[in-house]
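Labels A, B, C and D are assigned to the chains in the order they are written; within every chain, residues are numbered from 1.
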Amino acid sequence: MERAIFVNGLAAQFILVALFGLAVWAMIGRARGGRRLPRIRKIPGLEAVEEAVGRATEMGRPVHMTYGLGDIDDAPTFAFWGMLGHVAQLCARYETRLIQTNNNYLVMAINEEVIRQAYAETGRPDRYEADDVRFLSPWQFGYASAVLGLFQRERPAANIMIGTFMAESLIFAEAGHAVGAVQIAGTANTSQLPFFMAACDFCLLGEEIYAASAYLSRDPVLTGSVVGQDFAKMVIFALIIVGTVVENLWPHNWFWDLLSR
Amino acid sequence: MTPSDALEVLSNHLVPMAMTRAQIWVAAMATLAIFSYVWRENPVFRLAEYVFVALATANGVVMVYDSYLKPFFVLDVGQQGRYALLIPFAVGLLIYARSIRGLGWLSRLPMSLWVGYGAGYVLAWSPQPLFVQLRDTFVRFYQTYPDGPLAGRFWPGGTVNSVLFFVGVITTLMYFFFTVERRGPAMRWSSAVGRWTIMLALGAAFGTAVQGRMSLLIGRIQFLLGTWLGWLR
Amino acid sequence: MTREIPATITVLAVLVVVFSRYFSVGTALDLTRVTDHWLMLTYAASVLVGVLNLTRLHLDRLRRGKDTWFYDLVLLGVMYGYIALGLVETNAGTTFRWVYNAVLVPLDSTMYSLLAFYIASASFRAFRVRSFEAALMMVAAALVMLGSVPLGDALSPFFPAARAWLMRVAQTAGFRGIQIGAGLGGLATAFRIFLGIERAHLRA
Amino acid sequence: MKNRWIYVLLVVAIIVPLARPIGLPVNPTRETEDLFELIEGLPAGSLVYLAMDFDAGAIPELLPQAEAVFAHALLRDLKVVIHGLSDQGVLIARDSLHPIAWSLGKEYGVDFVNLGFKPGGGIVLRGMTADLWQTMGGVDIDGTRLSKLPMMERLKRLDRKSVALIVDFNSGGSAAAYRNYVTEPTGIPLALGSCAVNFNVQMPFYRSGQYKAILNGLRGAAEYERLLNRPGKATSAMDAQSTSHALIIVLIIFGNVLHLLGGRRLGREKR
């Protein structure tokens, strides 16, 4: 008896996912080969990063960065690391202090290395200050109140928040506002976006955070993966349009069945 | 006790657990200690905060031990002799190697395992719900009344909502295209409509967020005034 | 060696999970049933990370003679005391439950409820109608707030209806769009981890 | 300083209606009715799985929901199994749901079981769809062997055959975990008891039928109490909910008016 290769009903799904992966991979390959890629459109929140660090430098006050409550295997935490490397390089170049606070021990271990490496790449390994990567509390509210206190003492001039945020988002945004920091925030947690939207100067909506590291670093490989992702998004967009047209003409057809088992 | 009596009990206790008087007093003090923060940061709040962190962390350890580690060592390893399972356990223990000079890299083993497994889970299990979401966006524009006297007839309201919903989803998606420049009226308008949809959605989210926070505060005030002081019926 | 082995583990882990999900052979072999169990054991083994980290942090503070010594002592004492209590009488023990319900539960609930105050002051201060978009957000927020309480029902049937419309049409559409995008972003990140482009976790 | 006046106002806005209730009626919404009807429609003896995936902080919103649904299920002679991805949720269940069952004359192990908590999140759920007993380490929350609990005989794994409905009382990501790892692959219907904050995140999945019903925070619990015809603690909080929402709206309007009337130069320049 012949056995199917795929689990019943998952073939279409696997193929679509694999095609998505191929698109990302192909665009990365294109980038590695030095070929031209479409440009990423302007994202105001990201344009403001350099300006915010510059402002902190002028005022002689530090920059603060956090990823909220992210864990090491959360996608937004990877977005944060991409951004952290970039901001750390800027801070090293401008000789501005970067304070990075943590509530997750594992993420913190990685942050230390990302920052250390960024300082080394800028030729200023001596500027790395171990005490500025701080573990505040493993618990959400303990962390938030510690950040409140820290803001009062250190008075950062820029506050960059990218990652997984829950209820503490508003507290951070309020703390930043109280000391007059320029605030750039971004999260994929839609329930927290309204607070960032209202209380911060710039807000990255949802998946804009995933484009951040590519956008800021202009690294071709990362840009390639964002382009690949965009390509997949257009395919999905087309799929929705076609699917809707077909659905209106022939309700609940094979096309409908294709997308689930 | 009849079922309806039981429901009476259910509806009358304002605290989840039947607490003793002493417990209620301690709980009230803890509540007030945290509320004092609203006025200003103070030593009592600080004490409560540290106690909280300590208790929450300790509780996590005890729960994992009782519900996982103890049965694992006693039943799986001890009684059934599944010693091979000690290998993954040991891999998990490598996370503590980070503070050992020279062996710190060993902690990367469990970390890379967690990250890889997490990524695998995303690739394996998240597409299906996503596809159902996609499929549900294939809206039918011709809507009929689902029930009532007009059931089966053309329903203008439903049709308008379907169109608005569809336009909302696709313009929101278009807003997130990173490689398409927003030039020309079509692109500009659609990304503007996308942004308006997002703003309405975020406004609604703000509304429910307020709802949730207020519920929590009401719960604490009910506890203080009702359970502790007995001022509420 | 110190990077290659972890990098290989990451790739293998991705492959095992994906293979066992999509392919008939993979399902038949039921690898994830075994590996899931292993993974849970590794998580369980890491249970003390938080405790050790807190211990180090606060011992360090004590050693440096910080003025927080009293709080540091309380934290360490309470944490180890409560662990010991739990190990002696299990989580079902009378004293353990007593402390849990009388201290831990109210502390946690009250901490969360503090956010109500923050939301109130932020409403007064931060939510400014600066533009057409901000106005849309504020109006939607106000309608949902009124529509989701009995007061709104009592004032006019318009409010619950407006709330229902906002929730089921505008809000569902907006969040559907964001979530499809974010889902793709998550998938792309997973691919990047698989392809070894995202490797921050290998630096630690 | 200004903030403290706002805080005082907020507390007053909550205390007054608690002390002097007006008792405005709560009208059930579609999202809540769906859950009530789902449970009403299950044949007696069906197994309902309640996931207590929240911490103590969410008790005011989610416990009234869980109590009402749990009581409803037992009154309808359904079997209930309780589980939690949060270490606290299962303890809360033991302290507050078990007594409800006993007062209804139900027996542990026969009518309801509390499986307890295991670390690992989504992986635990995946494991339970393959082999629940092994994933649970063979024991319930108190370390009792599952083989000694008669009800567990019919629940070797989470699948459509054994479980009629999953209700996930969650304050965060666990709904997505149930959806991705359990209910989408197995086809078990999934309903949510949600914190109000997350209600909107979950709405797109309600529209697509991936969540059959959603209880919206304390309001959802009040609606459920209304459907059960037993106004309880959630209902009694609804007046205060009304006044506090009204206060927030007034604060937003007042803040904007002050801003327009010349507070502008006090505000920080925004770009």
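By our rule, contacts are C-beta pairs under 8 Å (C-beta built on N, C-alpha and C of every residue); 3 or more make two chains touch, one makes a residue touch a chain.
Owing to the predicted nature of the structure, the values given are computational and were not obtained by experimental measurement.
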Most remote chain, CA-based centroid, reference being chain D: A
Distance from the CA centroid of chain B to that of chain D, rounded to the nearest Å? 11
Approximate Å spacing (C-alpha centroids) for the pair chain A, chain C: 16
Can you give the whole-Å distance between the Cα centres of chain A and chain D? 30
Just how far, in Å, is the C-alpha centre of chain C from the one of chain B? 6
Sequence positions of chain C contacting 2 or more other chains: 21-22, 37, 39-40, 43-44, 47, 49-50, 54, 90-91, 100-101, 104-105, 107-109, 111-117, 119, 121, 123, 125, 127-128, 134, 137-138, 141-142, 145, 148-149, 167-168, 171-172, 175-176, 178-181, 184, 186-187, 189-191, 193-194, 201, 204
Multi-chain touching residues of chain B, meaning two or more other chains, are 16-17, 37-38, 52-53, 56-57, 59-60, 63-64, 66-68, 72, 95, 98, 107, 111, 114-115, 117, 119, 121-123, 125-128, 132-135, 137, 166, 169-170, 173, 175-176, 198, 201-206, 208-211, 213-214, 216-217, 219-220
Where chain D touches two or more other chains simultaneously, the residues are 7, 10, 57-60, 88, 91-92, 95, 118-119, 123, 126, 141, 143, 196-197, 199-201, 204, 207, 216, 219, 241, 244-245, 248, 270
Please classify the inter-chain touch graph. Allowed labels: line, ring, star, complete, other. complete
Chain B residues within the chain C interface of the complex: 16-17, 19, 22-24, 26-28, 30-31, 34-35, 37-38, 46-48, 50-69, 72, 85, 87-93, 95-96, 98-99, 104-105, 107-117, 119-127, 130, 133-134, 137, 161, 164-173, 175-176, 194-211, 213-214, 216-217, 219-220, 223
Which part of chain C faces chain A closely enough to touch in the complex? 21-27, 49-50, 53-54, 57, 111-112, 114-115, 118-119, 121-122, 125-128, 134, 137, 141, 175, 178-182, 184-195, 197-198, 200-201, 203-204
Quick one: which bits of chain D touch chain A in the complex? Just the residue numbers, please. 172, 197-198, 200-201, 268, 270-271
In the complex formed with chain D, which residues of chain B make contact? 1, 3, 5-14, 16-18, 38-39, 59-60, 63-64, 66-68, 70-72, 75-76, 117, 121, 125-126, 128-129, 132-133, 135-136, 201, 204-205, 208-222, 225-226, 231-232
Within their complex, state which residues of chain A touch chain C. 3-7, 10, 13-14, 17, 20-21, 24-25, 28, 72, 75, 78-79, 81-82, 105-106, 109-110, 113-114, 117, 135, 138, 141, 167, 170-171, 173-174, 177, 188, 190, 194-195, 197-199, 205-207, 209-210, 221-222, 225-226, 228-229, 232-233, 236
